[in-house]
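Same chain, two partners: chain A is paired with chain B first, then with chain C.
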Partner chain A sequence: MKREIPIALTVICGLLITWAFFSPSELSQAVNVELTAWASIFFAVAFLLGIGNLVRISLKQISARHPDWPYKALLMLMLFGYLSIGLLEIHGVIESEYGDKAYQDWIYERIFKPLQSTMFALLAFYIASAAFRAFRARSMEATLLLTAGALVMLGQVPLPIAPPEVGAFFARVQGFLMAYVNAAGQSAIIMGAALGTLATGLRIVLGLERSYLSE
Partner chain B sequence: MIQPLLALQDAVTPWWVDLNLWLSGMGRGTDADGSVLAPGIGTPGGLDDWIDTGKLPTLIAILIYAFLMLRSQAKAKAGAEIPIRRIAGLDALDEAIGRSTEMGRPVLYVPGIDEIKEIQTIYSMMILRHVARKTAEYGTPLIVPVKDSVVMTFAEEACKQGCLDAGRPDAFIADNVRYLSNEQFAYCAGVAGIMNREKPAANIMLGMFFAESLILAETGYASGAIQVAGTAKQHQLPFFVAACDYTIIGEEYFAVTAYLTREPGLLGTIRAADIIKVIVIILFVLGVILATATGNGTETSPSLFDVYGRLFG
Partner chain C sequence: MAQATDLDRRWIFLAMGVLVVGLFASGVSSPMPVSRYVSDYYDTIEALPEGSVVMLSADFDPASAAELFPTYQATIHHLMRRGIRVVNVATWPAAPPYTRKAFDAIAPAYGREYGTDWVELGFKPGDDVAMAQIGQSIRTTYPRDDRDGTAIDQLPLMSEVGDSFEGIELLLTMSAGYPGILEWIAQAGGRYDMTMLAATTAVQTPDLFAYYPTQLAGFCGGATGATQYLQLVANSAGTATIMDQAPLDELLAVKEKNQKRMVIQMWGHLLIIALIVLGNVLYFRGRKAVA
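Take a look at the complex of A and B:
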């Protein structure tokens, strides 16, 4: 029963949601809204589990003086510090002339967002290093990749010292490669992935795929 | 020859107009005096109330697919041999885990950053179970950092079950399934930190990835780990191809469990997908011919007579 009940629930919920997708009836839409609301509640509860996992592992490493313990201590400080500031602001214990949640927003805007942007900016360097390795013409395929990449790049960048016709030519070549060769490859991948997605979805909804459940 | 056909066209109503009228007619109600109301969506008590007729082709396609899938599964279970081509990226999973074992270092499994409602994430959990079984058999630690707390509970179950499958329940280490952050780049920084500090010898990245894919793959490359990545997200594939040792591309991703287990039921679904693919390719070719024949695409619902006229008239 431990296995059958979750499978039955998956099949019933899957079929109900599928029904709601195809049917505009009031009943199906009401069921859809209800199930989605339940899912939101589950997600909210599971969020607490995530925090619990983070706190448990971090405190264990701090108490064991693991080599990473200073990072974990900083993580805990930020986690509980940010939470405390938010709670204190909501309950009006601390106030700012700059409006509600001003301290929380300041931390988010002035510390978190720049850190996030820094991580994202690393992509510029990583793209260059990955492209350098991928574009080494060691085989026929790699040479084709290099040639296509160079042509697309020449079509994208301004060529100030070349006559305008040269720039226009590379732009046309780039347009052709992107609109036909690249789009055709992408369409094939999308089609295969869509069929795989459908097959997996059907297997789960029909209860044929059970390996995601415990025995 | 085309003239009689064009004359006939005026007299014959195309089949899809008939079908549409029939479907609309199913939704017709009656007025107080008993006369039939005009066809239209939303008339009470009709078919339109129960099925969105605009989505009917999708429903029919799904039912055909489901039928083919069940039939292929039955055939496979009855003993029909379904061959599956060699996929280097999937063979490399064992190689990567073996290498980690030899080096005495952990395996890192990144299940992507999407929620559990994303089918790729669910599928990643199924693959995780196989990876957990292998690592438990070899006695190699498996680290699974997750971005979503629901995914965390699934990952814990998958790892636990994998260890049970291997007959080594003691190999499950609860602290190795780690919730890092719900924010994309904070999670990315956390995984990069694990790659740099704990030096896993194998990085397996399977699931739904976004802009963090290249950051993770390049960090893993710099740390010297063997890397196997896979996703059905076509925009991230070039990054994985450029930075990883093996890449599982698009539909291959959804064949992983069938490939690894060779279970007849799962192999049957792959056969069904191939049959559908052939049908879709035929439809593509027909579509290209029809689109070419019907001109600039501004016309709607061209009849077969129009197409015949353009091709041969």
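Take a look at the complex of A and C:
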């Protein structure tokens, strides 16, 4: 039954959603709205499951004094700290003269935002290093990739250090590469992926694909 | 080959760091020619009749805000200036603090009021499922607004919006990845025949060319697209009746900052190209020596 019930549910839901997609009848649309609402609720519940799993793994590592345990402890402190502050502010237990969610906003603005921005900004350094170490013209394909990459990079930015014609030339080359070469390749990939998704979807709806059950 | 791998990567980090910090301090900036994609983004908004309703989805977080938030701010200026009303949603949980801040700073300067000229429905979990749900029934998806929990039918703007995007003329997304523009195209653009515009991170921009201009009327790609759009909005700002000059001054400052960023990006790109060339020269020299 551990296998049959999930497969039956998947098949039924898949068929109902497919039916609703092609049929404008009131019943099919009502079923569709209901199932989509359930999916949305499952997503929200998945957040809770995710938090539960994160707490379980982190506490295990903290108690085992894993080398990363101080980071896990910090993670738990931030997780429950931010959650508690949010709940206390929503229920008016703590208040600030600076507004309704002043403490939450402070953490978001002063800690979360700078940390996440910094992490993303570090990419500039790693890309520069990777460009030096990994981009080698070992084959015709790699050489084409490198050349196209360099041309797109030059066409993407203003070039005030060069005559305007040079900037315009690189912008035109970049436009051509993106609008024709890239778009043609992307379209082929999108069509291929769409057909693959359709085939996988059909296999799931027909109960042939069971990898989501870890089989 | 050995020389290439022996170079301590911290020298590369240092070169990039010095370049970025030095150029920021120098304050050199440069305007950019406007591409047809950005021009179409601007023109599509310009073509909307006054009083139209659009949906603006914030699908980003602080990691991509440097690229997307300037476009978000400029888009709000553009929409509010033209008297276009906005239903504001988010599919990324970290986006709403940005959206509220931006609307509260900009919209009142044009004499716009919450509830009548813009509504804030907030974040909805579920990725593409949430998008599909908005298309099916915006009232089931968002029974209340995110600002103070008002039932959305009590908001005057929402009385003009039906379910399944009825009454919404245009869908705009500021998209940093998944879920974002590609999911909106699948769930709303194709299914409900919505006109769509997008601002995306540079890394996502190549995905969009295959959808332009049929499914996507225009787009601003990365910091480059943001700078171009900021120029268009800032240059036409003089035609607006604005009650408070401060947000407009901020927009002009953001435009200046982005034009500086583009010069920094140019030198960054040149450094990367130089490193690729240097890496290859050392690689082929090493190979020749081995042979």
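Rule of thumb we're sticking to: the second predicted complex is superposed on the first by the 192 of 215 C-alpha atoms of A that agree within 3 Å, B and C clash if a C-alpha of one lies under 4 Å from a C-alpha of the other, contacts with A are read in each partner's own complex, and residues count from 1 in each chain.
We adopt the following convention: a residue touches a chain if its C-beta (ideal position, glycine included) is under 8 Å from a C-beta of that chain, and two chains touch if they have at least 3 such contacts.
Being a predicted model, the structure only gives us computed values, none of them experimental.
Within the superposed three-chain model, A:65 lies out of touch with both chain B and chain C [touch as defined at top]. Look at A:153: by the touch rule set out above, it reaches chain C but stays clear of chain B. Within the superposed three-chain model, A:91 lies out of touch with both chain B and chain C [touch as defined at top].
After overlaying the two complexes on the shared chain, residue contacts for A:183 are found with chain C alone; chain B is out of touch.
In the superposed pair of complexes, A:116 makes contact with chain B and with chain C alike. Using the contact criterion defined above for the overlaid structures, shared-chain residue A:40 touches chain C, although it does not reach chain B. When both complexes are overlaid on chain A, the residue A:195 reaches chain B alone and has no touch with chain C. Once the two complexes are laid over each other on the shared chain, residue contacts for A:128 go to chain C alone; chain B is not touched. Of the two partner chains placed by superposition, only chain C is touched by A:137; chain B is not.
Shared contact residues on chain A (touching chain B in one structure, chain C in the other): 39, 43, 47, 112, 116, 119-120, 127, 129, 131, 133, 186, 190. On the chain A side of its complex with chain C, the touching residues are 29, 32-33, 36-37, 39-40, 43-44, 47, 105, 108-109, 112-114, 116-117, 119-121, 124-125, 127-129, 131-133, 135-137, 146, 150, 153-154, 156-161, 167-168, 171, 175, 178-179, 182-183, 186-187, 190.
Residues 21-25, 39, 42-43, 46-51, 53-54, 56-57, 60, 67-68, 71, 112, 115-116, 119-120, 122-123, 126-127, 129-131, 133-134, 186, 188-193, 195-204, 206, 208-209, 211-215 of chain A are the ones that touch chain B when the two sit in their complex.
Chain C meets chain A in the complex at residues 4-5, 7, 9, 12-13, 15-17, 20, 28, 30-33, 35, 61-66, 94, 97, 124-127, 129-130, 132-133, 136-137, 140-141, 202, 206-207, 209-210, 212, 222, 224, 262-263, 265-266, 268-269, 271-273, 275-276, 278-280, 283. Contact residues of chain B toward chain A in the complex are 48-52, 55, 58-59, 62, 65-66, 69-70, 73, 115, 117, 119-120, 122-123, 125-126, 129, 148-150, 152-154, 157-158, 160-161, 164, 175, 177-180, 182-186, 188-189, 193, 197, 211-212, 214-215, 217-218, 232, 234, 237, 239, 241-243, 249-251, 253-255, 257, 265-266, 269-270, 272-273, 276-277, 280.
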